[in-house]
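Take a look at these structures.
Below, chain A partners chain B and then partners chain C, in two separate complexes.
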Partner chain A sequence: MRVSHGFPSTKWQLVKHYAILTAVSVIVLFPFYWMFVTSVKPPEDILRTPPNWWPTAMEVVNYVKIWTTIPLFIYLKNSLLYAALSTALCVVLSGFAAYSLSRFRFKLRKLSIMAFLTSQLVPGTLTIIPFYFMMYNMGLNNTVIGIVLAYSIWAVPFCTLMLRGYLASAIPVSLEESATIDGCNKLGIFFRIALPISLPGIVATAIFSFILAWNEFMWASIILTKSGYKPLSVGMYDYIGKTGVTPAISLYMATAVIATIPSLIVFGIAQKHLVNGLTAGAVKG
Partner chain B sequence: MRKNGKAALCLAIVLILSLVLFGCGSSSKENADISGSPNSSGSGGGGEITVWIQKYSEDPGIMTELMDDLTKKFKAETGITAKYELVDWGQALTKYTLASTGGDAPDVADLFFLQSFVKIGGEKFGPLQINDVAKDIGVDKFIPASLSDVKVGDDFYAIPWGFDTRVMVYNTDHFAEAGIKEPPTTWDELLADAKRLTKTDAAGNITRSGMIWGVDSGRFDQTWATVLAQAGGKMFDDAYSKATFDSPEGMESLQFMQDSVYKYKVTTKNVIDPSYDSYNDFLSGKASIMLGATSVLKSMQKELAPQMEGKYQASVLPSKSGQGPSSIHSAQMVSVMKSSKNIEAAKKWIKFFTSKEAQLEVSKKLAMLNSNLEVMADPYFTDDPWLSAFVEQSKRTTLLDQPIPSWSQISAFPSGPIGRMTTNIMAGRSVKDEVQTAFKSVQTILASNK
Partner chain C sequence: MKAFKASLWDRYAAYWFLLPALLCILVFIVYPSVRSVWMSFFNIELLNNAGQFIGFRNYTDFFQNGSLIKLIGNTLFFSIVSIAVACPFSLYISHLLNKPYWGRGFFRTLFLIPWVTPPVVAASVWKFILSENFSPINGLLLQLHLIKKPISFLGNIEWGFGPVNLPMLFMILVNVWSIFPFMMVMFLAAMQNISSDIYEAATVDGAGNKRKFFAITIPLIMPVMGITLLLQSIWQFNDFNTGFLLTRGGPLDMTNLLAVKVYSEGFLNFKYSSAATISVIMFLIVLIPSIAYIKTTGKEQFD
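== the complex of A and B ==
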């Protein structure tokens, strides 16, 4: 029996390979295709049976209307701000925490790792009420700081564990030992050696926390009561009426297209590092 | 390393851009502006109040336009600045629960589940007793059924404004094609019509439902409340001390709903799918009769299915015998919150907002029925064939939200016993078993809240 590794070697294998890839791609991409097509459909096409796979006319005007129907610019700006700030906070905190957990041997090290891990097992909904009142009593509801803290609290443990795995596998201890011999102190090693080498891991962590913050809905919907602070994920709910549906499906989909673009850009810029960062330390050797 | 540097640079640019965007385009003042009203530039001499109201318009722009106009008029009339926040229905229950337990609360709230919020609010939080406001306004002008929604015992904790009921809508082209002249008034007529209207393919699969129940997200509890009323059943006894939906009428109503799918095969099995939306099914011509439609269907049709214009009508829901209640009603209501720092200004808003002039504007802009009989007597309601069906239906309704503090627990969806029971029954489970399970849960909740 012939066993093949890696890229398919025969024509038949190649056909099978691409057939599977195409099928998976169609399944994954279809919702995005449908989202876009619906965003440019004229009203009479939306509930047509059988559905039109391509609109009879392109209603590009929906992409103009969405900026005035809801305060989209403000929602978009809020989302970018929250995502950017919580990404920055996550990267800094996770960077230091992950480095110390991967390099230093101290008394509560294992317990700290367990605590990080355990925090991921607690369902977010369980902590909503106590967290809400903590935030409220500290006057952090309806503030940028409050929302960034709420986002970061959930992202930091996972980012730390992710970055710890990367740092442990990507940076040889001998390199740091050489630096120590050359007179570099711990902080110097972190900034001059560990940080530049672990850039793929940091980029992966940053992308992860950005996308997490960008998609976050629950926290923002609970702790924010002023519309001016809503991120886009919550602001899109403006289209949903009492019955849980919206007649403005085209506008809703056009807004969804706009909401998808920033995370696509961020992911596109650094997807290679995300894969590297996530898989580093996955195998031994 | 160079590539890594580029990626990091790009990422940094994205982060900086978002910070710049924030820096250039925003301040806390601007944030407050979009959340409030056009009057937020100055509070004036009359003080300032915060009003939370849910979104009743399917078009977000209409609700903003309405509230901008009302707050502007209120400012001109009283000198008080009313800053409003549109609350999403998806988060309304959580936000009002937090507001009634010491969290962030408005001065005026567009409440529901009034009994529950009065109870959980206790002495310090939740809605305030406003008998004085009710006396000043004069409650005789309201639909009596709406008044029972806004009272706890003999005390008023809210003033009603909107009125919600469910009707039957039917496709007039399908009716003409099947030779049906009049909408059904009894269950027997409904079933006979539904059988004539249902279309199937060669394999027996339904391609057009004769009738469908008003449902989305697999939620049938509110529609069942209408069917229970049609069967002559009640959810609780008159003292609200015991559930009574395990009565023969209760069982019959649930069996009728289930049989429409599995026995009579006049309703598509898709109703149980969480992504199924009966409004979409009706507006796309895949169903001939929809039982339990709200007035929102009209605005949905205009936006989503302009080709359906003039091809459907509304009528009173049929009942088992053709007599008696055949639908449910609930009132929208406004309350002053106990935590308000400007109670007098909040009361002024309630008087202004529930006035005939303001409510006529609200009803017209939001295409909503009203609890105020003077508003409902306006030609806007009586001359419109679509709205007049709702007016007629409002004469044959029972209460949707039961006046007991534990109602929010009992009717919670999907975790509450009623919602779970109705969804399971529509999925084909035993009516008897599901009713027994739900009955026990409801009795336990009632007992624990005594």
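== the complex of A and C ==
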């Protein structure tokens, strides 16, 4: 839906409009520029005060050296594995739950919605100490299962409510009723009717939980302490903790660039779905 | 038998669909939350794994020595000021992007980038930009002769009163940078939902752009704005990433937040009960906006 508000667009107003947007873009994107520029600066550029705004030479070698300086490949592989698995688990759990909450009326429905709403608001730190001990006692520290659990349970409440809103508005009940008459059972209806129609909503849920898991730091830092299990976020934090701001910062910034790219790609591919999914719950229309 | 099974499945289908997610929430969110409350009445530490029941002593200790009051003040200041700055800013940006000019999708995507950037990356780049010796901002200010020696944006301890200090203000700035995209996207969606007829009628009546913004746009997006601000105030109060990754609470606890304190008390000092106590206090504070949030969105969710 595109709305024209009848704004008179004089030339001066257009110039002002784009000037402001450009200025905001510069401020918003400056950290990314600085990250990239630093990642290709030769060591002698880093120590210069005041720092130069453009590198004197492009030092692409940082992007090669970083793979042997830290176990970057293992970090990347772990991050990808955890993000993919928790996305899968989150989509399955919240898909079923959202379907139930949007299609059926039952006794515990209100209470369940309350549980999801509350879980979305509870500080993660409220559960962190007992959760750590639960994982420890079950032997799930430094395991894939442990971290995937930690990631998906925090994404499930938000995703369920997001999908619920989507399902409630997207699927006509009459379609399901005719399927019931045709002899489809509830599970069949879910897979044959609800799932295909709500695919955009599911894509939104998936992107949301993927980015959440890829970016996550706190849970990983307590559950994954062995270096072979660490995801990129924790690996990077360890690395900067060891080096601080020194010439090695250019190597670090190269890692930062590598860590940001997957998030941006996933977001770029499907941002329309994500934005629609996020706003659909709050904005009815 | 088969028919019976099928009817049992179909009859309770709602529960079967819901059960896995609900069970996960009960086991991994609700149970540990309750367990935290229970732990806060004990003195469980690394070398005292069983702990003894000490009643409310964890709570009274914290409030007696005053350290927690400071952290509560810091956290409230951090979350409220972050939102107070981010809200008008994102409102203005979404207003700009709501105009029917070319490139709004492009700019919206651009402005959403900070939101999907890993917090570890964002915090370390900002730390670098705001550092004392390698900061481009300091470089620029020095070149323009506006300052004589570089400023340590995140380490200055000379100036400040309570939570109003240089490191805290710059931490809020970084936080605003990372939270404004979410608010912008919500506001923009709400604005795009307003029928153009209303604006046209207002134009006919001779209302200017400013008038239209304050008399039409703001009131009509109020419901969405209210929910977004409530949700953000809860999330910002609970925020761990910015506080931990940017300053880790330092210098001298000037930027320490409750969530960071829970983490450091639990996993660096190994005082589990005292960490649990702080987390319970956090929850009690955040309960107030949470109830408001559940009351406003609940109505919609229940139908």
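Here, the second predicted complex is superposed on the first by the 258 of 285 C-alpha atoms of A that agree within 3 Å, B and C clash if a C-alpha of one lies under 4 Å from a C-alpha of the other, contacts with A are read in each partner's own complex, and residues count from 1 in each chain.
Heads up, the rule we're going with is that a residue touches a chain if its C-beta (ideal position, glycine included) is under 8 Å from a C-beta of that chain, and two chains touch if they have at least 3 such contacts.
Keep in mind that what you see is a predicted model, and the values were worked out from it rather than measured.
The superposed arrangement places chain B and chain C in clashing positions on chain A. In the superposition on chain A, A:Y237 makes contact with both chain B and chain C.
Legend: residue contacts after superposition of the two complexes on their common chain; A:I249 is shown touching both chain B and chain C. Of the two partner chains placed by the overlay, only chain C lies in contact with A:L117; chain B stays clear of it. Of the two partner chains placed around the shared chain by superposition, neither chain B nor chain C is touched by A:F191. Look at A:M134: by the touch rule set out above, it reaches chain C but stays clear of chain B. Which of chain B and chain C touches more residues of chain A: that partner is C. By the document's definition of touching, of the two partners only chain B reaches A:L199; chain C does not. Within the superposed arrangement, the part of chain B that overlaps chain C, taken from 94-102, 130-138 or 328-336, is 94-102. Chain A uses residues 46-47, 49, 129, 132-133, 222, 237, 240, 245, 249 to touch chain B in one structure and chain C in the other. Within the complex formed with chain C, the residues of chain A that make contact are 1-7, 9, 14, 17-18, 20-21, 24-25, 28-32, 34-35, 38, 46-47, 49-51, 53, 92-94, 96-97, 99-101, 103-106, 108-110, 112-119, 121-134, 149-150, 152-154, 156-157, 160-161, 164, 185-187, 190, 211, 214-215, 217-218, 222, 232-233, 236-237, 240, 245, 249, 252-253, 256, 259-260, 263-264, 267-268, 271, 275, 278-279, 282-285.
Listing the residues of chain C that touch chain A in their complex gives 6, 9-10, 13-18, 20-22, 24-26, 28-33, 35-36, 39, 93, 96, 98-101, 103, 107-114, 116-122, 124-129, 131, 133-136, 138-140, 142-143, 150, 177, 182, 185-186, 189-190, 192-196, 199-200, 203, 209, 212, 224, 227-228, 231, 234, 237-238, 240-241, 244-245, 258-259, 262-263, 266-267, 272, 275-276, 278-280, 282-283, 286, 290, 293-294, 297-298, 300-302. Across the complex, chain B meets chain A through its residues 1, 4-5, 7-8, 10-11, 14-15, 17-19, 21-22, 25-26, 30-35, 52, 54-61, 85-86, 88-91, 94-95, 98, 102-104, 216-217, 277, 279-280, 283-286, 294, 296, 299-300, 302-307.
Chain A meets chain B in the complex at residues 43-44, 46-49, 68-71, 73-74, 77, 80-81, 83-85, 87-88, 129, 132-133, 136, 141-142, 196, 199-200, 202-203, 206-207, 221-222, 225-229, 234, 237-249, 262, 265-266, 269-270, 272-273.
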